[in-house]
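Heads up, there are several structures right after this.
Both complexes shown next keep chain A, but they swap its partner, so chain B is in the first and chain C is in the second.
And then the complex of A and B:
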């Protein structure tokens, strides 16, 4: 039995047409930009990354145009996790809409709930009891710490370090278990309600929180010592993917990525919501705008979050945790935009009411979606491996990007 | 609520505003006609007294009768967020000028609005589908797009003939749109 040998791709005598780097027929360009992207110059080729790639933090496909080892251009392909949440919310009532938004950002889902709840409360003119506001701040800051510690582990993992993510998960698990004791869920909490929160703080949550707070600062410092001064980590991130303040504003960047570029914009201070005006905290910024700065800003934010939690625990008043509201909510026709400062930037929800018990239109704005646009501009001219470093430092979560 | 901002906006734009400035909580809202949209955004961005330099969000809205494009802007001089509503886009062929000349970051948000509503943003260099596959024909967030559960109510009518998957034989009533002309 003879088997015909297929020509090896390594054989220099074999001519490979440029479009053979596609495993499917090359797409027909639909736009000017796509036509530009699909045009290969001398020495360039396409490399496909994803959709299932550990560095894409979810299901993302990136088509990278490379020249040798250098990235010339890239084109992210989204939509693998698209569930049509906005459409589902239009067909659900106001309470149901909140739990649809939970799985958007599965690592910081309390923020995804907080934005629509804020918008709905504006639509309905609800006054949230002060204790509920404090509980929201407390749980959100805990969730922020969980998200940032996980970011730290992910970022190190994308740069080739295995250990930090194991350490990060220790911290995250503590917080997640704590929130599970409070909300009944480990990941998708569905805890905030229009007009308050679902259930007061319980004993198990408080005892876990107390134990964790007594050693949190020291534990997080030791986590930071693990990679902050690691030479490989610093050399691979310093000066990489520099984003200046002007470009950041033009690109609609918010959150830690913007603050790492030197713009001290934080909704908690600049457009205060809940009880943040009464709490004392700093807004950490950096001027470098590179991947290392984006990492360090987040690490500084963890410390500020611990500071906020400490104040919240001291100042939390007694009282009800839910406002008195009818079961069926029919807000007057109107429009409202609710926004919160999440671990990745501004989470916003733009809700339109037409007087029925379902939102007429519910727009969900997710910061990761905007930040993912930057991966292309920031990685041009760098090595392929640095794409992951830049993407990790921007910290997109695909659940939120794809909605 | 920033009263000063309302006065300033009324003074700057005058009769260009379709309705008086509305304010509620920490949001101000203005409506401008399609023809003035680009100029208004440029003034809001460049004017030293306004300086709305951050585009927080851009989205499309289908009211069932017309399309709207809504911008949310944030300023470094005012505590309020500004919502700019551009109403009156034709539902059958919605077109508006792109905001990418000023905020390149609007590119993907406009792609999303195109993908979900079919709004054409003139001047966007990369206006193609972003979530749905390239060969998808419908615009899912339009009010005449029914979810699978609601399909029995729908005579399968899309917006354009291309989208018409075929009218089922037992379809009797015309599509009942959930319309909200008031919002």
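And then the complex of A and C:
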């Protein structure tokens, strides 16, 4: 390419006229809802947030219709992180499918493994050894704490506080490091196997866990003291984005977001899996259903998780961590659904087998996707700043939304 | 060619020496010819010359002040975040902010297409101008006030309010919706908070009967109980909240809320134009802290007047020829004195290392000694140090708030100004006026 052929901004074909107001042609509305959204009334304008924006939790794009500071309408645009995980899983055998589901939710990826593993185990009638079940509970609860502490930092960051996220990362880093000592990975663990887990607890993990447990409760309490009773924080989140129980159930909301609306539904207690029935824990709920309640429910869950870990460490039996299975897994034709209660809600996997060594169809249910549709209804009528507060309190992770 | 073999320093000298020689000669000739006339002109227009000198000095000190504040903010917030912060450039990263300044100078100064070019270019200049012009009336010490004129306080509010025009210009001309929202937020916020800010000091104006900042400082002479923060506590609280909003600092930094509107009015700016906004913010923080310490914390007055009656009387002229001798020998002796313990402390310390260490320690000790001497003996230095201590305590408070608090929402912010601060400042005026009416001044 010679010097002359290189396009310059002065080129009339490339240059943008100084009086232009649209950089791209206005989209033609396809549905009634879209036509209504695209109509601008007096004093309204669109503000495009994302996919590159400081606080959309990854690559979410939100088109906001504002009247001054007030959000009139809101339209999330998804798909910037779509990788076709479900289709990838259909072209892999059962073991390989587990590692494809890992990066769905990169903040708490053990839960994304746990759901397909549960489904595949049902499909194949595998009995998981008790020690492996305990290890799964232990690691999942650790991952839940890591996710919730990070949520606390994010929530504060989206409201403009810069210190809590760095304090939160201290706890998360410690947990992630000890899980790395156990699994060999810091983010995408790929630790659960059909019929057990990959490797027994090792010395480094246990010693780090012991050190951390001795200070965890006090440390997390001191982190919470940073913002829990901060006047500005409470005033900005109380009464904001109120989600009532009826709407929540209708929309398919699960997890802490549902419990913050007063519905005490927790898969660990209501449809028990692994060894959860043998463990003692409470299901924290709040009745308000606002952003503050969603925040506080998660903070209460951290304490329950520490309680569960304490019991698991006392009651863990000896024994194998892996069931005896053939190398090539060929379940009989059938279908199975496995679900676990994650830090964001219910992670589910629906798998159909046609008798080969690959799943015929895999459907992944991710709570972030369900919760993201609430951003619109909960934000309308509030201010631009509230969009961030509501979005942070719903805690979506875009990897799971876009799959 | 000889030029190619020269080092950079040599090249600089080769250019500079002829310039200096010719320039020096020309200046000498000019002075010899028109010296009398120039001196007469300066003498006749002394206020203008004084203003020009003060403005230039103010402009020159505003940039290092911004550098210092940026470094303070980086380091203090890092410590609050349990990080280390800048530690690579200079001792403990002290030169980091200067390098930041050089960085923004060297970056591309990009003007996006379809911005309103003249307004877009002028906006940072207006903002920076408004920030450093307010430094003119700050009474650093009774003897160190650039322009101590009568209407200092009014001048401060008038010029400080100009920065909103710059922010509005930036927001409007950028052709960006985030910028527009940021500019309008800045304007709304600044107008709302100017009112309680101005009304809160009316009580002090009633008490002192003047708008001149040096006179307000002089009215707080005495012990720290005479400071206006104890005589006008409500006004102090209102004033502090209002200057926080005025300087666009957390929790009132809605105009550049990066979680909501990316960088507000500065979204489309890059290079040195962004640098102007950035520096203006920190100069603003310094200025409002200085104003608070002048109006409410006694300015350059010490908390308690302790008359030391220093009796350190050394008649230097009696030494005669011995004075230059002592001045020449003292650094050498001092360096050796401080190098000796380093040299004997460990066999691994080499001689030259010990000498450098000794020289540095001697430098530090002698600087501290001279500073202490100046603090005790020279009233302007003592005043300046008291003033800066109070100002930087306030700057630290601002940084502390930035590290601690989340951001208030825009409607809460405006509601707070109109529903609480404005009535409270009016109440303060009435109470003060009533007290003055009953008790006299």
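Annotations for the structure displayed:
Please note the rule applied: the second predicted complex is superposed on the first by the 380 of 403 C-alpha atoms of A that agree within 3 Å, B and C clash if a C-alpha of one lies under 4 Å from a C-alpha of the other, contacts with A are read in each partner's own complex, and residues count from 1 in each chain.
Just so it is clear, contacts are C-beta pairs under 8 Å (C-beta built on N, C-alpha and C of every residue); 3 or more make two chains touch, one makes a residue touch a chain.
Computed from a predicted structure; not experimentally measured.
In the superposition on chain A, contact is made by A:403 with chain B only, not with chain C.
By the touch criterion defined above, A:184 lies against neither chain B nor chain C after alignment on the C-alpha atoms of chain A. Contacts of A:210 after superposition on the shared chain: neither chain B nor chain C is touched.
In the superposition on chain A, A:163 makes contact with chain C only, while chain B stays out of contact range.
Residue by residue along chain A, chain B and chain C are tallied for touches, and B comes out ahead.
In the superposition on chain A, A:230 makes contact with chain C only, while chain B stays out of contact range. By the touch criterion stated above, A:45 is placed in contact with chain C alone, chain B being left untouched. When the shared chain is aligned, chain C comes close enough to touch A:386, but chain B does not.
In the superposition on chain A, A:353 makes contact with chain B only, while chain C stays out of contact range. Of all residues in chain C, only 77, 80-83, 113-114, 177-178, 181, 185, 250-251, 253-254, 257-262, 402-412 touch chain A in the complex they form. By the touch criterion stated above, chain B contacts chain A in their complex at residues 24-27, 29, 53-57, 59, 61-63, 70, 72, 74, 79, 81, 83, 102-109, 112, 116, 125-134, 140-141, 145, 147, 149-150, 178, 180, 182-183. Put simply, chain A touches chain C in their complex at residues 9, 15-20, 45-48, 53-55, 69, 156-163, 166-167, 170, 227, 230, 232-233, 235-236, 383-388. Looking at the complex, you find that chain A touches chain B at residues 27, 30-34, 78-79, 82, 84, 86-88, 90-91, 122, 249-254, 265, 270-271, 333-337, 339, 346, 348, 350, 352-355, 360-361, 363, 365, 369-370, 372-373, 402-403.
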